[in-house]
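After the structure tokens below, expect a handful of questions from me.
Labels A, B, C and D are assigned to the chains in the order they are written; within every chain, residues are numbered from 1.
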Amino acid sequence: MFGKWKLGACLPTFASCADRYCLSGYGRGGKTMEEMLAMAKKVEGLDGLELVGNWHINDENIAKVTRLFKDFGFAIPMIVPDLWTQEKWGRGSLAAADPATRKAAVAEVKKCMDWAAEAGCPTVDVWPGQDGFEYTFQADYTDAWKWLRDGVAECAAHSKKVKVLLEYKLREPRGHCFLNSAAKTILLLQGIGNTGCLLDVGHSLAAGENMAEAAALLADHKLLDYIHLNDNSRSWDDDMIFASVHASEHLELVYWLLRTGYAGWLTLDIFPYREEKIPAASESFAWVRAMITRIEKRGLPAVGEIVRRGEGTDSVRLVRELLMGGS
Amino acid sequence: MFGKWKLGACLPTFASCADRYCLSGYGRGGKTMEEMLAMAKKVEGLDGLELVGNWHINDENIAKVTRLFKDFGFAIPMIVPDLWTQEKWGRGSLAAADPATRKAAVAEVKKCMDWAAEAGCPTVDVWPGQDGFEYTFQADYTDAWKWLRDGVAECAAHSKKVKVLLEYKLREPRGHCFLNSAAKTILLLQGIGNTGCLLDVGHSLAAGENMAEAAALLADHKLLDYIHLNDNSRSWDDDMIFASVHASEHLELVYWLLRTGYAGWLTLDIFPYREEKIPAASESFAWVRAMITRIEKRGLPAVGEIVRRGEGTDSVRLVRELLMGGS
Amino acid sequence: MFGKWKLGACLPTFASCADRYCLSGYGRGGKTMEEMLAMAKKVEGLDGLELVGNWHINDENIAKVTRLFKDFGFAIPMIVPDLWTQEKWGRGSLAAADPATRKAAVAEVKKCMDWAAEAGCPTVDVWPGQDGFEYTFQADYTDAWKWLRDGVAECAAHSKKVKVLLEYKLREPRGHCFLNSAAKTILLLQGIGNTGCLLDVGHSLAAGENMAEAAALLADHKLLDYIHLNDNSRSWDDDMIFASVHASEHLELVYWLLRTGYAGWLTLDIFPYREEKIPAASESFAWVRAMITRIEKRGLPAVGEIVRRGEGTDSVRLVRELLMGGS
Amino acid sequence: MFGKWKLGACLPTFASCADRYCLSGYGRGGKTMEEMLAMAKKVEGLDGLELVGNWHINDENIAKVTRLFKDFGFAIPMIVPDLWTQEKWGRGSLAAADPATRKAAVAEVKKCMDWAAEAGCPTVDVWPGQDGFEYTFQADYTDAWKWLRDGVAECAAHSKKVKVLLEYKLREPRGHCFLNSAAKTILLLQGIGNTGCLLDVGHSLAAGENMAEAAALLADHKLLDYIHLNDNSRSWDDDMIFASVHASEHLELVYWLLRTGYAGWLTLDIFPYREEKIPAASESFAWVRAMITRIEKRGLPAVGEIVRRGEGTDSVRLVRELLMGGS
């Protein structure tokens, strides 16, 4: 916890972190869930961990996993249906051209919703990362968008106990993903109840958005339900330590989260390939805490006055004062 | 004309083309409108020219200008309110923090709508290029979005004779523009009648969109009203000759325009800084004609079959066959 | 063969093609080398295949592998030392801060040079992809550059029979790689004999270079020894089918290869994740052949005359005529 | 002055700041040099101002200008030959295909060197921003590079009193510039005496370089002679307030300037389009001072120890501690 915020992390933060060249990962592989939870316990203030469906939680282990989380004092804020780690989703999941694949994807999400309900987890994260295309003339955009929407609607109707959040991303694993911006996510979800948006701030950055603007737009549409924190080089979803590259933008994001009254989880989605996992997670939260503290000390009204004024130099001075202190 | 399509150009295509260093422009400056129309007349198949309000058409010259266009046999498909060439719009127009500026911007658009009605021009192009920000903490995204929407709504209600089209762009002249994607444009226009979207395909490219996907999304929302053609390096709105950089993407765009039944203008918005203007415009249309011809020859159903299949290699082969012929 | 050019492919073109999410790959895994060579044999005109040291060729199998290649009628144009698939290289290879790692990296390259000499392969491809950094304040640029240079020099001195080629790349697997441009490669190699450059044209694109300009610069320094062909979205090394995205740039590249008298291999380095491997490779060569044929038909002098003229519209018209024919 | 550093600014910082849409500029135009110097005098610690040849200093006014600078207590650290504001340079200056243009460009540089010698200014800044291309097949890279080099060599030989610095940039005003990276600048200058490099850190950023790495490479080659400070969005040379976007990278840059013993000018090249000029310049220097102070307080050896260690989390923690204090 930090103030009203709950602090979370994706479980793979503590795994081996592979890339397409080093498939066995840069960290130690083969850790058990107990080992990863024990590592996570060393991250000060951590309240819960996201799980990927089938890989981390499934029919066989759900009782054991929920007990394990209880023993460690961790919540499960999110279960993520696996629509992206297997060859069968390579040409799409909810928006695949193949109807059987679409059906299987919907079933996968529903299964995760059931596990979530059973495990006391309020949300699932539908990330249609395999729904997209690489080449021109390779996708029927109109059909794909309709299929994606229909699939989400069917999932959302499955259970009132678990809310279906959509996570957008510009690209990767597909060369281009269909659901690639905050605005498109809002469009997709219009008229479908029991849904919301998971804003991965690195996805927003890499999509060419301003993160704070994306958060504000989602909040204005009552769709800002969950946040993933990380940073990147803008050209790729590097899943780096929070605020390590774009401190000014992240500071502004924190201001808008405070201002819009966001009260959900702040969950790390970092990939510390070559770093020790516990310090990498802790360092991310150190930035989060420092930024929240500085903005709260200055006060939302004082910051808001400068934001409304719109004078560039004053805005830059504010950033310098918030980050570096002094005047 | 080319088939059912009307071919247009922005009048500045034939002007001097300045940039921030060479403010007098790389081409000959000071041309009269007669001179520019005479140049435009040499572009084969050109049906009309866009005008910028105040600069090209105003209370003093409207009778003369409409007569001139009639004499030359040109239509005026679009009048563009000048919300971006004067210092007074530097901190915003329809979404400026200053209420008086917002009011002036609405008045400017209405004035252009009146001129359009008088000149028999069916649409105005509202491009809020000065509505945005450079720095973090410099914009109240929620307020700005509301102001932009309110302003557009007020303009759209002004006259039924002239439709208000919105043109989005990621950036420039502002470091970041609020109206920066097809999806945000759709969101903005929801519930406001008498409006539509002007898709500048280079703006779409530079915003990280796939142009054909943007066109399909707009068409699905019945908002694809007008097209600006050009090309660029993706990192900036270079306003280059059509298809000179991204031939595959432009070819796919043309397919989607044909498939969605787009029947409006194909208007060049190129800035041939260092090129002779007439050949630069003609070369753009040569690409347009060649691409339409090739796709129509292959046939929409045959292309559509490959699009639906979603096999990357087949899609690339299609592009090669459409562009280079043979198999 | 195609004219004077030998056509090659990296062996992994025919493997399962994994990414960081789908670690088992999108294609069928576990193929034997015989199976992959049999697949490669179906790619018309293919003359040889690159091998990765240790994975594909090693002390145990070198006799068998060379015989196998002979039986299939394939050359081995390149052996690539594995400096990037194992956790031990995660913090660098030739330029690692750890001296023992640097020493091991040099030994790895030398071992590959020995295998190359034994297998009749004239070159090794040193790709220092793990030599770089993710974060600010994480690298001593001066030390790293010196270590990289010293390591290359030691390798180059190991054997006169095998030439050491350096392959540059902007990023991936590291967030930033030290050896990231043609010009830096030229600087690095100055004064070291028995070395050259492997130009991966997709790396050049993704590094923000113009591929043809990079090829010309390397050729002017007598360092253009080998070419990897592919294409990408400019923001990442997507290893897509040749010319599928940037047909104009690839056409210009082909012109400069012809003009500078490049007479080496044209080797595919594509990752057809979701595509059938044989058609993806064949389609790439279909573009190569079509482009060479068109340029040779037009004639180098005729193209060169337009290049020297420097008039943009003429250059675009040339591209259209070369690609689409007619005038 | 700040410590051993002299603080400078380009004179246009205080001018009207136009872009291609708002050609009269967003600030007040038509200021006299006296007015601009009086404005500059209000920027605390400012030691000198760069001038553009012909525009600001010429045969007619040189006596008056040098006296004016003396009266205001300002040095002239740099004169910039105007090779980019007039239509005549539109197709190139030192590397133009037209020999007469190349000759005129060399003469322009020499003239500025003479004025510099007379005014006690030690360096001229040759920025070949018009030397490049927009389209494929529009440039003979080999010829252009040779012409550029020959022109620089001829200028450098003109006078021993004034050093010729080259400023690289990826693009703008040309779509692609030939001299576009630190490494290419080093290559170009090899074997030509009396030359060096002006590192505009925003040009480095926008070229995809790491600024600190570029500075280190130039310093290792004894070519880091002068620095332009600003910041941008990476996709364009926005000439924003120093460190306003990339605080971490700028902090690292400052460390490398300190570490390599850079002792030259720190000159602002910002374009405060919509900002008051004096506060925008002052705010830039406030960041510079704060960053130098923090690094010197921590100490170069302590920072260097972390840099050499190469552990990402430690590097990020260092940035946080340097920027935000505490631990």
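Please note the rule applied: a contact is a pair of C-beta atoms (placed from the backbone, for glycine too) under 8 Å apart; a residue touches a chain by one contact, two chains touch by 3 or more.
Note that the structure is predicted; figures quoted are calculated from it, not measured.
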item: For chain B and chain D, chains touching each; value: A, C
item: Chains in simultaneous contact with chain A and chain B; value: C, D
item: A-C or C-D - the one linked by more C-beta pairs in contact; value: C-D
item: Distance-maximising chain from chain A - centres being C-alpha averages; value: D
item: Chain centre separation (chain B, chain C; CA means) in Å; value: 40
item: Chain A and chain C: spacing of chain centres that average the CA atoms, whole Å; value: 35
item: Shared-contact residues (touching 2 or more other chains) in chain C; value: 91, 134-136, 241, 244, 248, 274, 311-312, 316, 319
item: Touching residues on chain A, where the partner in the complex is chain C; value: 18-27, 84-87, 89-91, 129, 134-136, 171-173, 175, 233, 235-236, 238, 240-241, 244, 271, 273-274
item: Interfacial residue positions of chain C with respect to chain D in the complex; value: 91-92, 97, 133-143, 145, 170, 176, 178, 181, 183-184, 186-187, 207-208, 210, 212-213, 216-217, 220, 248-249, 251-252, 255-256, 303-304, 306-312, 315-316, 318-319
item: In the complex, chain C residues that touch chain B; value: 234, 241, 243-248, 272, 274-276, 279-280, 283, 286-287, 290, 294, 311-313, 316-317, 319-320, 323-326
